[in-house]
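Quick one: the structure is below, and I'll ask about it shortly.
Chain nomenclature is as follows: A, B, C and D, assigned in order of appearance, with residue numbering initiated at 1 for each chain independently.
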Amino acid sequence: MEGKVIITAALSGSATFKANNPAVPYSPKEFADEAEKCLKAGAAMVHIHARDEVLGGFHTSVVEKVKAVYDAIKQRVPDLIVQVTSSVGTPCPVGPFETTDCVNLINNLIKLNMEARLRSIRAIKPESASLNTNTMNFSVLDRKTGVIVIDNVFVNSFGMLQEFGKEMEAMGCRPEAEIYDMGGLDNWFLISKQGIFRKPYNFNFVWGVAGGHKFRPDTFASLVHALPEDSNFTTCAVGTEQYPAIMQSCLMGGHIRIGLEDNTRLPNGEMAKGSYEQVEVAVKVASCLGREPATPTEARKILGIQKKK
Amino acid sequence: MEGKVIITAALSGSATFKANNPAVPYSPKEFADEAEKCLKAGAAMVHIHARDEVLGGFHTSVVEKVKAVYDAIKQRVPDLIVQVTSSVGTPCPVGPFETTDCVNLINNLIKLNMEARLRSIRAIKPESASLNTNTMNFSVLDRKTGVIVIDNVFVNSFGMLQEFGKEMEAMGCRPEAEIYDMGGLDNWFLISKQGIFRKPYNFNFVWGVAGGHKFRPDTFASLVHALPEDSNFTTCAVGTEQYPAIMQSCLMGGHIRIGLEDNTRLPNGEMAKGSYEQVEVAVKVASCLGREPATPTEARKILGIQKKK
Amino acid sequence: MEGKVIITAALSGSATFKANNPAVPYSPKEFADEAEKCLKAGAAMVHIHARDEVLGGFHTSVVEKVKAVYDAIKQRVPDLIVQVTSSVGTPCPVGPFETTDCVNLINNLIKLNMEARLRSIRAIKPESASLNTNTMNFSVLDRKTGVIVIDNVFVNSFGMLQEFGKEMEAMGCRPEAEIYDMGGLDNWFLISKQGIFRKPYNFNFVWGVAGGHKFRPDTFASLVHALPEDSNFTTCAVGTEQYPAIMQSCLMGGHIRIGLEDNTRLPNGEMAKGSYEQVEVAVKVASCLGREPATPTEARKILGIQKKK
Amino acid sequence: MEGKVIITAALSGSATFKANNPAVPYSPKEFADEAEKCLKAGAAMVHIHARDEVLGGFHTSVVEKVKAVYDAIKQRVPDLIVQVTSSVGTPCPVGPFETTDCVNLINNLIKLNMEARLRSIRAIKPESASLNTNTMNFSVLDRKTGVIVIDNVFVNSFGMLQEFGKEMEAMGCRPEAEIYDMGGLDNWFLISKQGIFRKPYNFNFVWGVAGGHKFRPDTFASLVHALPEDSNFTTCAVGTEQYPAIMQSCLMGGHIRIGLEDNTRLPNGEMAKGSYEQVEVAVKVASCLGREPATPTEARKILGIQKKK
């Protein structure tokens, strides 16, 4: 198992649409198709955001929809690890609010958001789920002109980090801590003093979100040096930073996340026919280092995941 | 002017109270007293958050109160640069809101917060103001147990970064970009493509907020390497990270921010009698490198600040 | 030409024998065969140490032998850039010495060594030659037990750095500065103040020699940050560090040196059938980043090499 | 003892003369005077190179001379740790050599040099001695013009590293590994696989020698990250890099070496009246971090030194 690299395919995300790349899956069947291809190509895990194929493919946190995707994949490729995102919640499910008490209002919004984001995790109890560590901007800007296209705030308060972490570990779902900005690791360090997390700790360094840190090799090394003992790390990056970032991770003994959620293209700029084509690139990178893809079973061992029956 | 180090004293902040250190200034006179002592000790600039001495010393964005502090300092020590924070706004000034439209509600809150934070800057038109680059948690946790004491989100959307930057530069107020987490610099890079900022660019690396990055020498170096040309940098850090961080900055040719906002104590753990005592430590650090404190005039030259008549 | 990666194949070295890998070339014809295969595989340059096929394949600085190798390659593949090493000199060409004056004795030895190492460069006037920047141990130790197998000192005094640099640039041969240890770059900086070197400057970071620095991503980044403007960098590494090191270089926009001189094996541990098989790996690495191999013509443009007629 | 900083004063070195700074000690009495002042100022250890006051103050490895210096210090301030250099050997003690066999000749020279360098260590059996890890240039260049003033090679082969290490540990003398260039640490790692060294391991990062690496904060951090467990580190640097380097060490929890061997001046450019004045600066640096100088007893505990009776 030594030297094995865990390849995770992030099949869809929230922001990549069929308009960006027709291979982005919306329906449960499309997810299952993609997942199967990725497993064959070398992935041990898929990371999923459910999409509402009726409502234009927008991401959704409706439990039935998430479960349908999850079940479709599990039925097709039962061995594959399916990691469910905890980033998506209906922004404003109910009202009216007590409008004169602003602090309470905001706390209510955060709480409702938290509940919405946890709902699918609670219903599915997946083997793994993402756990976001940074409150941050999560926006879209024109990278050339700096013009703001969508301006958005992604809230992951310490309270959420605490509750998400506790619930996940309690239900036997291993959290993968998403580090979008250096300080996300320090947030994790602070909250983990409560003894929330089981070893090994699993981290994902995310690069290039408009609101997070950009990929830089020295920052990457700085993060790796700062990791606690008994940690695994993987990485993913938005757009053109994807390929240098996964290489950096792989050559330092880390793992790889790749997929249409992060980047729609292949290294040569061509549209990827699916996340599986990017998995093939990841396998190629690993092979240039003499590393082989971990099977789902090996990945579970490395990440401390117990297989659900 | 070569090698001169600009020492900024952050006199009060929002979170340090007289209960923490009795020398924290609340009244305009107390601010003026502290500012004068800091100038004498070697500071070229003070950074201020106004406090409401009636309402228990809580920070305030009420224009009259901010202006009273500003004027009191300017009257006492007219040469000193006074940097006004743009981080403080009344969280919920008015209501009721349209409660069924949640996205609009949040956008309204952000906009109101932005207006409140800009109000004093617009009224005073100071020579310099802080410009916060990260949306982030800004919380208080027990550093030993990880227990959350206050959980808070600090919103600095790209829209705010854009508007604050434009307004400040337009009124001749030099923004100092506060980098609380690595990605704050990347936010600045993205938005600056609009051509908002004049050279030289001024950055402040902030360390140790519960929600931002912790001070690490390699991360510090990573930030310095990533700076654009024609940049100045200074640094400040919360609590015990303050002294190593300012040393790191000073030995790399950067500047120093220090003061009771960030840390109430001296290096030996004793309570500081005022921010001026920390300025004395900063001067000592600089002297061990053969660097002398910049006068306000020299600081203006370095930072590209035009003195207001 | 943007993004093109220059792949250099180091065909033989001094320390890799047919006993280590039968594909190591000794005879001029073997060199030409290998060079041709490497060009076809994607290399723009070969780096050569001549070997004495009669004397057991030991490296040699005898001009006729070096020239024979050089000419054989040039005849076969005239377009390929042939970089000649300047590291090999007969250790002790003549005697007896004045033995009672030790300092003079050592200086004489160094001078004789320098002359021997420059002899082929002077005779051939190649387009490029290596220029070693570190005096260092250049030994062989058992990596598991620390037992010394061969203990050797590789002298590259400032005087040699100066003379090699001057002569090379004067004859239109572009030096590639070999950085075996961080301080080699600082040696280059010091001596370059004499104005010896033309731009662009070309550096090769060498890793893993028993006597030099080991490959570490943060040290690599530290070197890249420290480079002067208008620099190109490539990298090579001994043994198993070869593949991570070339990846690190390629993902940071640098170039790649590879070949049997540095490592006899492929990433999966199998014996390489020739340096060309490693060139194929380098091409694969580059392709995973969307980079294409530079042709010799493009490489000359990037490195500031004027083609010899 | 937590947080205590060990300050070592390097009283003389080999290359700093009374012409450079009249306070450089030559005679045993001068050494004792300086040592006493340094202890009073806060030093726990002195590092010594004996000088021949008759022969113009040149450094000497003549046992009687070294022992005279050592004894004079020990008599005056018995508690102070005295670290003896192992870098100085008579370059060419005897001849004639077998001149026709060059490799043997060089090996003989290295061996004679090793013997000369160990002689004083063997005679004195000090509590600590320096152990140089890099073969390197050790030259003098005009830093502005790059003109070579003295060109010199400092040989520290793996064989020497092995023999010095073994002998020192065997006689109860703790070696301090001098890292003049990044790869020196890797040399230490390689040879230490023989199991030569006792814990804790003690390292000194040396910066700015013309032949070694220049001080850079990211390289410094890279070294600290690469240290084996149970290591202590200190640092020293030549000339103007001295003060930033010791600050870097102190703020990262390391120790400080300072003294006229490395730099003749104070931070403000004035001539130091003695190494003790630099010790005072080191104490000031430490105090700005809330660290106090270790007493010799505390230093012994930290460094694993057993006091000689």
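Going forward, a contact is a pair of C-beta atoms (placed from the backbone, for glycine too) under 8 Å apart; a residue touches a chain by one contact, two chains touch by 3 or more.
Values in this document were obtained by computation on a predicted structure and should not be read as measured data.
Think of each touching pair as a link: the shortest run of links from chain A to chain C has 1 of them. In the contact between chain A and chain B, the residue numbers used by both copies make up over half of all numbers at that interface.
Set against the Cα centre of chain D, the chain with the most distant centre is A.
Distance from the chain A centre to the chain B centre is 34 Å, each centre being the mean of its Cα atoms.
Separating the centre of chain B from that of chain C, both taken as means of CA atoms, is a distance of 51 Å.
Chain C has residues 216, 218, 221-222, 225 in contact with two or more other chains. Residue ranges on chain B touching chain D, taken from their complex, read 216-218, 220-222, 225, 243-244, 247-248, 250-252, 266-269, 281, 284-285, 287-290.
Across the complex, chain B is touched by residues 91-92, 95-97, 99-103, 105-106, 109-110, 134-137, 139, 141, 143-148, 151-159, 162, 180-183, 186-187, 189-195, 210-214, 216, 218-219, 221-222, 225-226 of chain A.
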